[in-house]
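To start, the structure under review is shown below, and the notes come after it.
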Amino acid sequence: MFIGDIVGQPGRTAVTQYLPQVLEEYNPDLTIANAENAANGRGLTPKLAEMLFDANVDILTMGNHVWDNKDIFGYIEDEKRIVRPANFPKGAPGQGFTLVRAGNVQIAVVNLLGRVFMGDYDSPFVAIDQILEEIGDASRHIFVDFHAEATSEKLAFAHYVDGRVSAVIGTHTHVQTADEQILLHGTAYLTDVGMCGPVNSIIGMKTEQVIQRFLTQMPIRFEVENGPAMLNAVCIDLSDTGKAVSIERIHLK
Amino acid sequence: MFIGDIVGQPGRTAVTQYLPQVLEEYNPDLTIANAENAANGRGLTPKLAEMLFDANVDILTMGNHVWDNKDIFGYIEDEKRIVRPANFPKGAPGQGFTLVRAGNVQIAVVNLLGRVFMGDYDSPFVAIDQILEEIGDASRHIFVDFHAEATSEKLAFAHYVDGRVSAVIGTHTHVQTADEQILLHGTAYLTDVGMCGPVNSIIGMKTEQVIQRFLTQMPIRFEVENGPAMLNAVCIDLSDTGKAVSIERIHLK
Amino acid sequence: MFIGDIVGQPGRTAVTQYLPQVLEEYNPDLTIANAENAANGRGLTPKLAEMLFDANVDILTMGNHVWDNKDIFGYIEDEKRIVRPANFPKGAPGQGFTLVRAGNVQIAVVNLLGRVFMGDYDSPFVAIDQILEEIGDASRHIFVDFHAEATSEKLAFAHYVDGRVSAVIGTHTHVQTADEQILLHGTAYLTDVGMCGPVNSIIGMKTEQVIQRFLTQMPIRFEVENGPAMLNAVCIDLSDTGKAVSIERIHLK
Amino acid sequence: MFIGDIVGQPGRTAVTQYLPQVLEEYNPDLTIANAENAANGRGLTPKLAEMLFDANVDILTMGNHVWDNKDIFGYIEDEKRIVRPANFPKGAPGQGFTLVRAGNVQIAVVNLLGRVFMGDYDSPFVAIDQILEEIGDASRHIFVDFHAEATSEKLAFAHYVDGRVSAVIGTHTHVQTADEQILLHGTAYLTDVGMCGPVNSIIGMKTEQVIQRFLTQMPIRFEVENGPAMLNAVCIDLSDTGKAVSIERIHLK
């Protein structure tokens, strides 16, 4: 089970509101969520991380907003349940993947950033090769949250690792795509899982503020929108060998 | 009925293969398709345009690749069934919107480009205001193909014109999104309709070539992939007043 | 006389320290300075603007950082000696050009932003045509601060207006270029005049902080560097008809 | 002696026309030139490389246009006098630095690409550390052609390697900057050396074509401009220990 970018208070509300029924229905061995926008749309705090762990999320992944909230710097070093993008330059705080017991297997959870329209990170293609070598025999069940903008980079990455990881699920655009599939060599794929956040908003932010920025080109600061929230997630079933058996999109509001 | 970016030979095949059954099932008053990638992935030729009109597509929209094939320059000036992005600087060949009779109403078909991660076009927000003023009372049924990359810009544009146009459907990413909805004031919206093209490809292009470009950062030229094709489209129902009544995604392969 | 981007305290110090001798040596009819970075590297305040006017700067131009300091919003509406980029969307506070008496002529001072690697502003090419029409016979002496990144856009703009304005001087890169020239039809041109700010710095900012951001890709906040300051400027001589007679770079430290 | 981006026929003419007198005046131990635009503005051919070697250029460096002309692929593998950017992903043809005998010392010539506004290359900061380790004691005289757009990245890179290399000279913008200096720890620096190419042009290309692209936003193909040419270069004097003693800009037309 993987839950898309949790955006601010409404995103957290969506998790507490909808996750119990989702967990009951799907009964997943492991629940992962992207938390790069959990704190007011920008980054994550230790307190909010604990809140999400208490809500039965097992592992948190991040994205380009990982360092927006400075409170996370020390915490992320010690907390093995948080994974930040692996392709930051060497020396960044925290870890790029983690191994976790789920059901009767070890699952590796990896977080990577795309570069197209994003930033000057290390190559996610080189990084995944290194990570897979590092994981070696420790796990055959490998989940990748690929946090990226361009559909071309997301699809290229997924085909590059097809058969070598269990799932590549995209995040960052905050809009769920409808292209869930199992690639030719057994990797589950979805271009973007979508966000957890306010339904009537622009990718989680106040509609009026975002429109004003487009109209004026002035540096208007965005705030998280209020109102009813939605949860976007994806449920993936894996075989004992780590191949994907099924992938199903979840959208609740 | 709106059909997403038709990519090369497989995209055209998808149209000829699946469109007849779609038209029979939905019986739309008007069929529009984005043809910016119809000619080998780059632009459109007069011959291919005629082929698509013969396949019962009524109107063709374009995108950032509109000028990739030079054969279109003269043709687009005279052919009122082709609409190129309206927010090119004044003086560009062709037209940014067209009025067409469909059922018993006049429908305006508009094509606009986003700017985020795209190019230095005129503001699509300013352009739509001018176009709506120009259309005036000539039509209450207004369809917009908003060809853009960023989900934020697509959503912001849709909310900006909500209630003033009948539908805003995104193109360009070539991946269908799952967020079809009717906005608060009656505008049908989908972030991206997805492409018509080869199923096993990277947004229509050969998987190996795209991966190689990401791996090597060398200027590898992309060719359209072969193999089985899919059609992505969306069907929108409008009331007499031009408000959207329903929106349904179509995905055939 | 045109003085490049004044960066923070060291930039202001450079002005107070070097400007008196420059004014004495060159005795210009008009002294213009770019002040987009005057307030801690980000924007301008009314108080700092007054300080610069007191230091015998006649007109202040701005750039992409114009709105960074909110204190300027109201002030810029009333203060006719401050010019912000003219190619912001209609409705932005302030003015895109101003007319000022200098010697026995009216000089028009224009500020424009480039778009390449910059932002989604209106076209500076379209904007200058409109401004020149608006100016009409009111002035034949027209100075343009073209605030842009790409050398191609700066040169293209200058050639586009060659013979129609008196001078196009670039700002924004903070590094003075050595290509001062009078173009074929009489417009004085320099790709970038350079900044006024700390000598040992990275475009005005603390060397260690900027290097750390490149090394870590983390969102380190930059502060203005301390230490000895330099002044970069350019002196242009115009004929009665508004053609450039000479252009000379100034670099003091 | 380092000569900036040689652009097409006029650039090659500038070299044959002005280099003899420059070599006579300065009598350098080593002459390096950037040749990424030598073949019609796009890449380099073996024949043109030989022509430049015959004109007494010892070493050729490249840039982002290195792969534009396919004829270079095999040649660059064997020709140790051509250096392509070192921070392409592993496996790229050719070499990122070379060692050459000059006077009585070994000089290392390095070529690196910036990433800001450029492309998704490997980090030039990481790359230079690896290269310096690889060079080890083989040379204390190290010249870097840093091919980049942003002044911030060029200055940051130079300060990062200050005292560890002999010179960092920028290329790519095609406009010579006026900030030649020796940094605090002995590295000679110039943000951009400028190009060798047609005087009346936009960074080497036909003025009318570049202006038309900015005006129309259509994909107009650029051709190298004709007419009188200029040479931009820089002469650096090094001590026995590899520290810079002097740096002088050269501009001939």
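Structural remarks
Note that the chains are named A, B, C and D in the order they appear, and that numbering of residues resets to 1 at the start of each chain.
Keep in mind that, in the parts below, contacts are C-beta pairs under 8 Å (C-beta built on N, C-alpha and C of every residue); 3 or more make two chains touch, one makes a residue touch a chain.
Predicted model, so just to flag it, every value in this text is computed and none were measured.
Both chain A and chain D are touched by B, C. Should one ask which of B-D and C-D has more C-beta pairs in contact, the pair is C-D.
In terms of their C-alpha centroids, the spacing between chain B and chain C amounts to 42 Å.
Mean C-alpha position of chain C lies 30 Å from that of chain D. Taking the mean of the C-alpha atoms as each chain's centre, chain B and chain D sit 43 Å apart.
Contacts with at least two other chains are made by residues 89, 120, 123, 215 of chain B. The part of chain A that touches chain B in the complex is made up of residues 117, 123, 125, 149-153, 155-157, 159-160, 173-179, 184, 191-192, 194, 200, 202-203, 205, 207, 210-211, 214-215, 249, 251. If you check the complex, the residues on chain D that touch chain B are 67-68, 88-89, 91-92, 119-121, 215-219. Chain A meets chain D in the complex at residues 89, 115-116, 120, 122-123, 126.
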